[in-house]
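Quick heads-up: structures coming right below.
Two complexes are shown next, each including subunit A; its partner changes from subunit B in the first to subunit C in the second.
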Partner chain A sequence: MILLTNIYKDALIAGIQVKEANLTVSDAFKDEMTALLDKGNKYIIVNFEGVIYVDSSFLGALVSSLKYALANQAEIVVAGLNKDVAGLFQLIRLDKAFKIYPSATEAAERKS
Partner chain B sequence: MANTTTQKFVFNNQADGLYPLVTDVMAHITQQQKTDEDTITKLKLVLVELLTNSLKHSGSEETTIEITTTGNQITIRKTDRGNGLAIRCNGNLLEWPLPGKHHANRVLTVYANADAILKAKLTNNCGLQFFIEETEQTGQLDINTLTEHFGLLIITRASNTFAYEFDIDSCTNSFTASVTSMGVKISMYAKS
Partner chain C sequence: MAVSKKILLVDDNPLVLEMMGRALSKEGFYCMKANSADEAMAILGMERPDIILSDYHMPDVDGFAFRQNLIAMPVYKDIPFMFLTSEGDNELMLKGINLEAVDYILKDTPLPVVVSKINNFLSTVREQHERTLKELSVAAMALNLHSVPQRLPVIKGFEVDFWHKSFQNYPGGDFIDFIKIDERYTFIVLGDVMGKKWGAWYFSFGFLSYIRAAVRICIAEGNFSTKSILQKINAVVYHDPVVNDVLSSLSLLMVDTQGASITYSGAGDLPLLYYNTVDKSLKQIGSSGMLLGLMPDGDFDEQVLKLRIGDRLFIFTDGIIDFEDTNGKKTDYNTFTEAVKPYLGQSFAAFKKSTFLQGKTVAHIDDCSLIHLQKTDQ
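Up next, the complex of A and B:
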C-alpha cells in the first residue's frame, strides 16, 4: 500500500507512505487513488509530508487521478510539499491545477 | 584562467540508486560551487529526470555521470549506450541518426501541455534542441488538457538550454542542459 488514509472532518487524507515518489510506485498510487474515488470520496488530500522527491512518472499518475476525480465530481488537493517538490509544482505550473496547502489538517480545515 | 575539475559518478540504473546518486552529485556541486537554493532545486530536478529517463528508457545496465566545473560553470555528463531518445513525428518513432539530409532547423512538436508546447528544433540528423512555446492561457485551466508526461518538460523548464545528440561513432545518446543563476552559469551535459 502506498497510501495510508484517514478521515478528518469532511476530508479524506491520503498520506504517501514512501519517501521516494517515483516510477516504482506510480502505478500503485494511481490504482489506489482510483479505488478511493470509486468509493465515493469527494475531497481527497494527498499528503506529501515525508516525501523527499517526486519524479515525472508519479506526477503523471497524480494528474491522471485529478482528471478521474473531476470526471467523478471530486476534488484532489495536495499538502506537505517540501521545498524541492513545491518548486517542481511551480516549475511546471501544476500549482495552477492543484490547490496546495502547507499541511493536511490545514487543507481539511479550508475545504470549501 | 579558471580551474577545471572533473568528477565521475556511476549510476547502476536501479531505482534505489537514483536518489543517493543525486545526493552525491549535489554534494559535489555545492562543494565546488557556491549556488543559490533555487538553482540547487532546479539541478536536483534535472538530475532526477535525467536518471529517471535512463531507468525508464535506456535499457542499459549502467550510466556514467561526469561533472566538470570550470570557474562558475558546471558541466554534468551522463553517458550510456542504451536506446535512443524516443520521439515521434507525425506518429512515427524517429530513429537516430535520422535518414536523409537537410534536417537542420526543422521543428518537431514533442507534446503539448495545458499552457505550453514542448518542441524541439533539429540541429542536424543526429541532434535537437528542446524549447518551450508558451500558449496563452485565458480563463480557468482546463485540467483535461494537462499532459501526463513531464520528464522532458521538467528538464527544459529547469534549464536555460536542453539538447539531445546521438553519436554515430560510439552509438551513445547525449543530453545537454544548462542553468544560469545569480550570475553563475551552470551547464549540465548528459549522455545516454
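Up next, the complex of A and C:
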C-alpha cells in the first residue's frame, strides 16, 4: 500500500508512505486513488509529508487522479509539500490545478 | 549495465539475518533486513528490492502467507522471491515453488552456493532484460520511430542544438522536434510525457503527431500564434480517450528569422532560461499554461522575445534539474542556472561535455533533454 488513509472531519487524508514518489509506485498510487474515489470519497487530501522527491511519473498519476476526481464531482487537494516539491508544483503550474495546504489538518479545517 | 543487487532478507532468526547479510554484502549486495513479514512489508513501502529471500518458519505470518500477500498486491507481485528455509519436506517445498517462487533453498546449503544461486538468477534476469530491450530498439528503428531529431535544422542567423539522455537508456517520454516551415519560420518543440520507459515513449508519438498537425494547420490558416496552436493541441488531447489519461508538458517556440524574434508558449513546462548578452544576465522566462489535456482551457499565454547577437535560450525538461545528494533525490531549478553560468562565454558543445551534463548520464534519475538556441549573425 502506498497510501495510509484516515478520516478527519469530512475529509479523507491519504498519506503517501514512501520517501521517493517515483515510477515504481506511481501505478499503485493511481490505482489506490481510483479505488478511494470509487468508494465515494468527495474530498481527498493527498499528504506529502515525509516525501522528499517526486518524479514526473508520479505527478502524472496525481494529475490523472485529479481528472478522474473531477469527472466524479470530487476534489483532490495536496498538503505537506516540502520546499523542493512545492517549488516544482509552482514551476510547472500545478498550483493552479491543485489547492495546496501547509498540512493535512489545515486542508481538512479549511474545507470545513 | 551493471546488475542491480538490492536484496530484502526476511528471517525471524537474527543470527541467520546477520550471517546472510554479511555474506551477501561481501558480494556487493545492498541488504535490507526484516525479522518478520510485517517488518518486510514496511521496508517494501519505502524501497523496492531486486529480490526477496525469505524464511518459511516465522511466527505470526509465515513465509508462505507472506508470499501470498505479496502475490495479491500488483506492486510487489513481480519482485523475484526465493525461499531460504530449513524445512525440507518435499510437499512443502513444492508448495513453496508453486507460489511463483524462483527457488527454494535449504538452509544447510553452503553459503557460497546460496550466493551463487542469487547472483546467477539476477544475471539471467538482466541478460533477458537487455535482450528484450535490444529487440524492441531494433523494432523501433525499423519503424523509423524517433522521438528526438536525427539532424539539426539550419536556421538563418541562429544556432540550434540539443542534448538528450533517456532514463536508464530506455526510450522515454521526452520528445524533441524542429519543424521548419520555410526560410523564415521554424518551430521548436520540447515535450515530456509524464512517465518513463516504453509506456511514455509510445505516447510521445501520439503527442508529436498532434503537435505537428496543429502547427501545420495553424500555419496553413495564416495563424502564427503559438498560444492558439497550444489551445488546439490541448482541446484534442483533452477529448481524445487514447491520450487524455496521459499528461504531457510542452514548450513551443516559433523562431522568426526576419524579426530575429522568438514567440513562446508553454504547457506545464519549466521556465526557459534566457541569457542576455548585453547585461550578461540570466533570466527565467515562464509561461502560464497548464499541462496538455489537464483542463479544457489550459490558460495559455504567449510571449515574444527579441534576440540580439549572442543571446541564448535554454529549454529543458525536469530531468535536467533533478539530482541526488547524500539526503536523497531533489529537484532544484537553480542547480541548472549555476551549472550553466561558467559556460556562458563558451560554445554549447563545451557545455555538453561539462561535468554537470556528464553527471546526468551517470545518475539516470529521469529522461533529460536540453535545447540550446543562440542568435548568431544577421
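Here is the rule we use: the second predicted complex is superposed on the first by the 111 of 112 C-alpha atoms of A that agree within 3 Å, B and C clash if a C-alpha of one lies under 4 Å from a C-alpha of the other, contacts with A are read in each partner's own complex, and residues count from 1 in each chain.
Just so it is clear, a contact is a pair of C-beta atoms (placed from the backbone, for glycine too) under 8 Å apart; a residue touches a chain by one contact, two chains touch by 3 or more.
On a predicted model such as this, the values are computed, not experimentally measured, just so you know.
**Student:** Clash or fit: subunit B and subunit C on subunit A?
**Tutor:** The answer is clash.
**Student:** I'd like to know which partner A:23 touches here: subunit B for first, subunit C for second, both or neither.
**Tutor:** Touch partners of A:23: subunit B and subunit C.
**Student:** Does the superposition put A:31 against subunit B (first), subunit C (second), both, or neither?
**Tutor:** Touch status of A:31: second partner only.
**Student:** According to the stated criteria, A:1 is in contact with first (subunit B), second (subunit C), both, or neither; which is it?
**Tutor:** After superposing on A, A:1 lies in contact with subunit C but is clear of subunit B.
**Student:** Looking at subunit A, does subunit B or subunit C touch a larger number of its residues?
**Tutor:** Answer, by number of touched residues of subunit A: C.
**Student:** Between the stretches 19-27, 55-63, 163-171 or 217-225, which region of subunit C is in steric conflict with subunit B after the superposition?
**Tutor:** Of the stretches 19-27, 55-63, 163-171 or 217-225 of subunit C, only 163-171 runs into subunit B after superposition.
**Student:** Subunit A residues touched by both subunit B and subunit C?
**Tutor:** 20, 22-24, 52-53, 55-57, 59-60, 63-64, 66-67, 84, 87-88, 91-94, 96-97
**Student:** Sort out for me which residues of subunit A touch subunit C in the complex.
**Tutor:** It comes out as residues 1-2, 17-20, 22-28, 31, 52-57, 59-60, 63-64, 66-67, 84-85, 87-88, 91-94, 96-97.
**Student:** Show which residues of subunit C lie in contact with subunit A when the two form their complex.
**Tutor:** 45-46, 48, 73-75, 173, 192-197, 200, 244-247, 249, 268-271, 286, 288-291, 294-295, 299, 318, 322, 327-333, 365-366
**Student:** Please give the residue numbers of subunit A that touch subunit B in the complex, ascending.
**Tutor:** Subunit A residues touching subunit B: 20, 22-24, 52-53, 55-57, 59-61, 63-64, 66-67, 70, 83-84, 87-88, 91-94, 96-97.
**Student:** State the interface residues of subunit B toward subunit A in the complex, per the touch definition above.
**Tutor:** 15, 18-19, 22, 37-38, 41-42, 44-45, 48-49, 52, 55-56, 113-116, 141, 143-144, 146-151, 153-154, 157-158
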